[in-house]
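Here the chain labels run A, B, C and D in written order, and each chain numbers its own residues starting at 1.
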Amino acid sequence: MTTPINLFEYESIAPQHLSQMALDYYASGAWDEVTLKDNRTSYEHFKLRPRMLVDVSDRDLSTQILGQSLSMPILIAPMAFQCLAHPEGELATAKAAAQLGTAMVLSTMSTKSLEEVALTSKNCQQESFRNQGGIGEKSLVSHPLWFQLYVHRERALTRTLIERAEAAGFTALCLTVDAPVLGRRERDSRNQFTLPPGMELANLATMADLEIPKTAGESGLFTYFAQQLDPGLTWKDLEWLQSLTTLPVVVKGILRGDDALRAVESGAKAVIVSNHGGRQLDGAIATIEALAEIVAAVGDQAEVLVDGGIRRGTDVLKALALGAKAVLVGRPILWGLAVGGSVGAQHILELLRDELGVAMALSGCAKIEDIDDSLVIRL
Amino acid sequence: MTTPINLFEYESIAPQHLSQMALDYYASGAWDEVTLKDNRTSYEHFKLRPRMLVDVSDRDLSTQILGQSLSMPILIAPMAFQCLAHPEGELATAKAAAQLGTAMVLSTMSTKSLEEVALTSKNCQQESFRNQGGIGEKSLVSHPLWFQLYVHRERALTRTLIERAEAAGFTALCLTVDAPVLGRRERDSRNQFTLPPGMELANLATMADLEIPKTAGESGLFTYFAQQLDPGLTWKDLEWLQSLTTLPVVVKGILRGDDALRAVESGAKAVIVSNHGGRQLDGAIATIEALAEIVAAVGDQAEVLVDGGIRRGTDVLKALALGAKAVLVGRPILWGLAVGGSVGAQHILELLRDELGVAMALSGCAKIEDIDDSLVIRL
Amino acid sequence: MTTPINLFEYESIAPQHLSQMALDYYASGAWDEVTLKDNRTSYEHFKLRPRMLVDVSDRDLSTQILGQSLSMPILIAPMAFQCLAHPEGELATAKAAAQLGTAMVLSTMSTKSLEEVALTSKNCQQESFRNQGGIGEKSLVSHPLWFQLYVHRERALTRTLIERAEAAGFTALCLTVDAPVLGRRERDSRNQFTLPPGMELANLATMADLEIPKTAGESGLFTYFAQQLDPGLTWKDLEWLQSLTTLPVVVKGILRGDDALRAVESGAKAVIVSNHGGRQLDGAIATIEALAEIVAAVGDQAEVLVDGGIRRGTDVLKALALGAKAVLVGRPILWGLAVGGSVGAQHILELLRDELGVAMALSGCAKIEDIDDSLVIRL
Amino acid sequence: MTTPINLFEYESIAPQHLSQMALDYYASGAWDEVTLKDNRTSYEHFKLRPRMLVDVSDRDLSTQILGQSLSMPILIAPMAFQCLAHPEGELATAKAAAQLGTAMVLSTMSTKSLEEVALTSKNCQQESFRNQGGIGEKSLVSHPLWFQLYVHRERALTRTLIERAEAAGFTALCLTVDAPVLGRRERDSRNQFTLPPGMELANLATMADLEIPKTAGESGLFTYFAQQLDPGLTWKDLEWLQSLTTLPVVVKGILRGDDALRAVESGAKAVIVSNHGGRQLDGAIATIEALAEIVAAVGDQAEVLVDGGIRRGTDVLKALALGAKAVLVGRPILWGLAVGGSVGAQHILELLRDELGVAMALSGCAKIEDIDDSLVIRL
């Protein structure tokens, strides 16, 4: 078999490496999957207007998010249950992120504990530091590892998770706000989705004896959310959360300018424009369509990131031209994991990075800051 | 066989339980069925802009229409000949509505008499009252049962129907205004549609010896309308109608702001934005596209409802965001009836209700009044 | 075989009754047939906004075009070579028009002479007059028969044709202005289209010994146009033409407001918005899209008609709502001819008339003048 | 086999005459080939508004570009490696251009040397001059042959190429500015594209011993560009280039008004609106969509040409109506070459010319200057 040369090829090969239940869980969107499709197809409405005869001999894709250095404006989105894709699960993903010098956002619902992930990430970075014949502490690459938070009804759990994440060296908290209840993914209902034997909620199992139930005619995750997670979360809780930590807080799941502004006013350092990969409210606006309004509302008070439907370097370029500081990639990382573990996930990131590099060169952008909003037009 | 988990599954199973003539009668639209398709696809042009971090722990879907309490803003649209779908016909539908605490609009062209339907509805409500250990008359759930009117050339018929509906306890009259002649549904022409032996116009047969004829090369219903119904109905007749009753009158079949205003000025308490499920004037505007203009024209002088193409809770949410007080659902109730009688019809309503509940939670709406027009954008 | 119930069914049956060469000649459009398709699909962009509760008991579809009474606002467009569809050719079409009380526009390129057609039309009208027990000359239905003109390089031909048409009792001249050269219909090129043995240019063969040649790798009609017709025709010639006749002149083939105005200023009494059924300039604007501009430019100085893609009564309604006084129908008449001769062509007109009647009733229009531009909206 | 009658037929036949590697190289676009498709489909958004009753008896398609006379506003775009299509390669193309009296733009990456091409072109023109019984030097048709430039890192190469082109009698230099790196054409990556044995970079091989490498898992041309071509080219270099030559310089690959203006301010005599046939930045705006902005920006300071997706005479007409002075055609020439060598390429040009002639006649344009922007509307 030849190595896939783009993310779509990974997507088409991945099913061979996944159980039907895992594939459905990863691939599906809510209800009719309209938003799932919109996230992708909406990118085609935005056309690039490249600039010519700019010197692009030296290209630099590095950027700073929350003051943390990244080798490129592409992060790994939080995704639950990565051991469904590969035995190493979130550890493999963390290695890929560390190898490439970008950030991984670890899900509360991970199948490897946050401490293991943090350790793997740190070891991997030190190794790559040694391999490069590192000289001093200062030249050590940064350690960008964010922890994604679902707030359980039992608030003590959340408090402890934050303490653990901080202790383990995570550098940001990412609060998901678009899931007061779980979106209905009908493939999961039909499959009565649950975790297979031997897989657990690694951050929660030992701490609170929580597990994904097996529910008749329903996704076990849907039931879990209904029972355990707090549908009463408000902006006040965002302030409460910040009182618990010195880490910067990122709010994920914003689709309106007014909500983005409110997040910033409540102390968020960044917002992620997201519809949860089309898995929560079907019919919600595609993220690339919502982005410009949110960028305009937030101004320079916070950083705006976006996820959903990004499969090509040109998608990243469009998102950045519309004002995003960076993007997050989700499902393709899972396809990479399924096909080749850590190496596969890393290849996904490399492909996107290289495509972005070429796209920037062809648009007259030598560095990230050269990307401006005149590069895109909606037709 | 597993229980269907959404309205589309009911639609795909229903044909196994229906004669071709009944299926065609229910499923078809006028002429090229463009409006039939538009009613559905137009919902995709409207994208949701959900609001986050609102406390949605306690969700309340109840509402008031015409001052009548409903458990949810979803009514059952008037549909003729429900015994074609199930032997219990309109009685089964009435049970479903009563069980769920919402309103059914009974068609003039029903195959069970309005008196039987009213009795069934009342009994069913009392039973569910008793089952809940009811204490006093006051806590009895409301009895929302509307009667849909086609005005026959013979006006005495109409007068008597109104008297009978009022006597039987119906709580509103719903005048259909979009059928001065019947729309051409070509499948019915080809089938030479008529009622099978043993089925009759239960409200009219005994009273006026009327029946659906069998017509060569034409739908018998088309012939019936041409012969019996009054194509000369005007706004004056709406006033005449109101002089006959103390019941509130709802005008069904409005697609323009000026007509809606005229209905209100003529005394209508509510208008239903409807193109008769795409069965009358093919090429007519989709109801969700017409809704905003009508809401703007009517203001707070009357209530606006809408039907046509609603298959998901998110459709209901969009309609309410555009200003509808409630929606009516038609064909899916028939698919439910066909598949499972009263239980099937009830399941249809439950599915929609639950989807609406999830959609509201995911949009930051704890109650119906929280739904505002900033929730949708037309892209 | 059952009788077709709409124009599309005629279209699907017609090929069984036609040679491939004839079918291709009739069905094809120029080059990639984009305009051919646009003519049809553009009607779907216009949505109807029907008006309710108007008394439509008495419906009247009659209208006046050029002061000539027609039973309905639907004329038969000029089409060449109708004997390819049926042995009676243009005579059968004339009968259908006369039976229905509407106008036929006879092509210069007819396979029956204009005199025969005029005679057939007159006889048919007298017969239907007698059948109705006619009393006096005055109640005789009008005799609307228009003659379509292609101007040959040899101008004497045109002069004689006009004299013959006038003598035969034609009531208008219809000058086709969109064919300085013939559009490329590639199916005709491949077929090396020509008339079969025994069929001739009935108006021209005896008069000028003209015939459609057989050309290698090319449509014979294309060659005929290049050799015989005058590509140098200008607005001056329109004035010259009018100096030759007392008949009103209609200009057919206008797609721009300024051209329409110029036609009127040059004396035209009516213009026909037409792209020649998509057979001339492929990529030209669909007629229904061009109509409003032309109506606005012309105002009440002349009448505006439109052809192209009309297959349903609702299409006629839309065209009239956009300001057309009447429409012309082309290909469907040929499908009717092919399937059933004069009776088939007549049925086509009846179907359209009945559909228009129902569409008007459902839109609150009792008569043609009730149709206004608020009935359509472009979405 | 019958002679193809339009460009699409050539496209469908050509694969029979090409290796898979050559076909893929010619046919493919970058990444997902969105821009490749957009270039073509965007023409359908622009509708023609033809003008009637203009005298089009004498049609003249000739025009002047850069003061050089062309028989029609259709040039041959620069394309690499034409020997992949036919053994005579660029020589055959030059003959076709000369026969038809239009300009060919020869690629730097040609498989026949610029000197051979120039000689072939000159001989061919003299021959056609003699065949026409030419009398004096003055009536000799012009010799429009442009040389397309890729600037290598080794600037001496460029300097020498310019000197050689000037010496050989080329009449313009065409600087490609949209290729600081090569676009990713994934079919070429999969094929590990390289030139077959016996084919070489005819302009560069002897001069600098350069060749297209064979690269594992990658297009050899991609590698060549990365290694040899200068990604550091800026507007300053455009001025430097002009200091080396008296030939007019044309800038090819502009998609924005500001870039076009900058090209003109830097001395360019013409700009070509181009996205490299969709082969560089996928997602870039279709050229016909970008054209009007660039025409408006440049005004009468320079000439604007356009390429991409032109397959019909009506496409040429639309481009000219939107302000282009001429168009360039690429791939169809290759299909012509593949099918029939020089004769095939010439037939492609003849088909387009004849279609343009008919389209102009049908639009009321006797000569190129009659084409104005009122002829198109975007719907």
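Heads up, the rule we're going with is that contacts are C-beta pairs under 8 Å (C-beta built on N, C-alpha and C of every residue); 3 or more make two chains touch, one makes a residue touch a chain.
What you see is a predicted model; the values in this text were computed from it and never measured.
**Student:** With chain centres set to the mean of the C-alpha atoms, which chain is at the far end from subunit C?
**Tutor:** Farthest chain from subunit C, going by C-alpha centroids: A.
**Student:** Would you kindly tell me how far, in whole Å, the mean C-alpha position of subunit D lies from that of subunit A?
**Tutor:** Using C-alpha averages as centres, the distance is 44 Å.
**Student:** Which whole number of Å gives the spacing of the CA centres of subunit A and subunit C?
**Tutor:** That pair's centroid distance is 62 Å.
**Student:** Touching two or more other chains, which residues of subunit D qualify?
**Tutor:** None at all.
**Student:** Determine the shape of the graph in which chains are vertices and touching pairs are edges (line, ring, star, complete, other).
**Tutor:** Topology of the interface graph: a ring, with each chain touching two neighbours.
**Student:** Quick check: in the complex, which residue numbers of subunit B touch subunit C?
**Tutor:** 31-32, 34, 38, 177-181, 183-184, 186, 189-190, 217, 230-235, 237-238, 251, 253-256, 258-259, 262, 280-286, 289-290
**Student:** Given the complex with subunit D, which residues does subunit A contribute to the contact?
**Tutor:** Touch list, subunit A to subunit D: 2-3, 5-6, 43-44, 46-57, 312, 314, 317-318, 355, 358-359, 361-363, 374, 377, 379.
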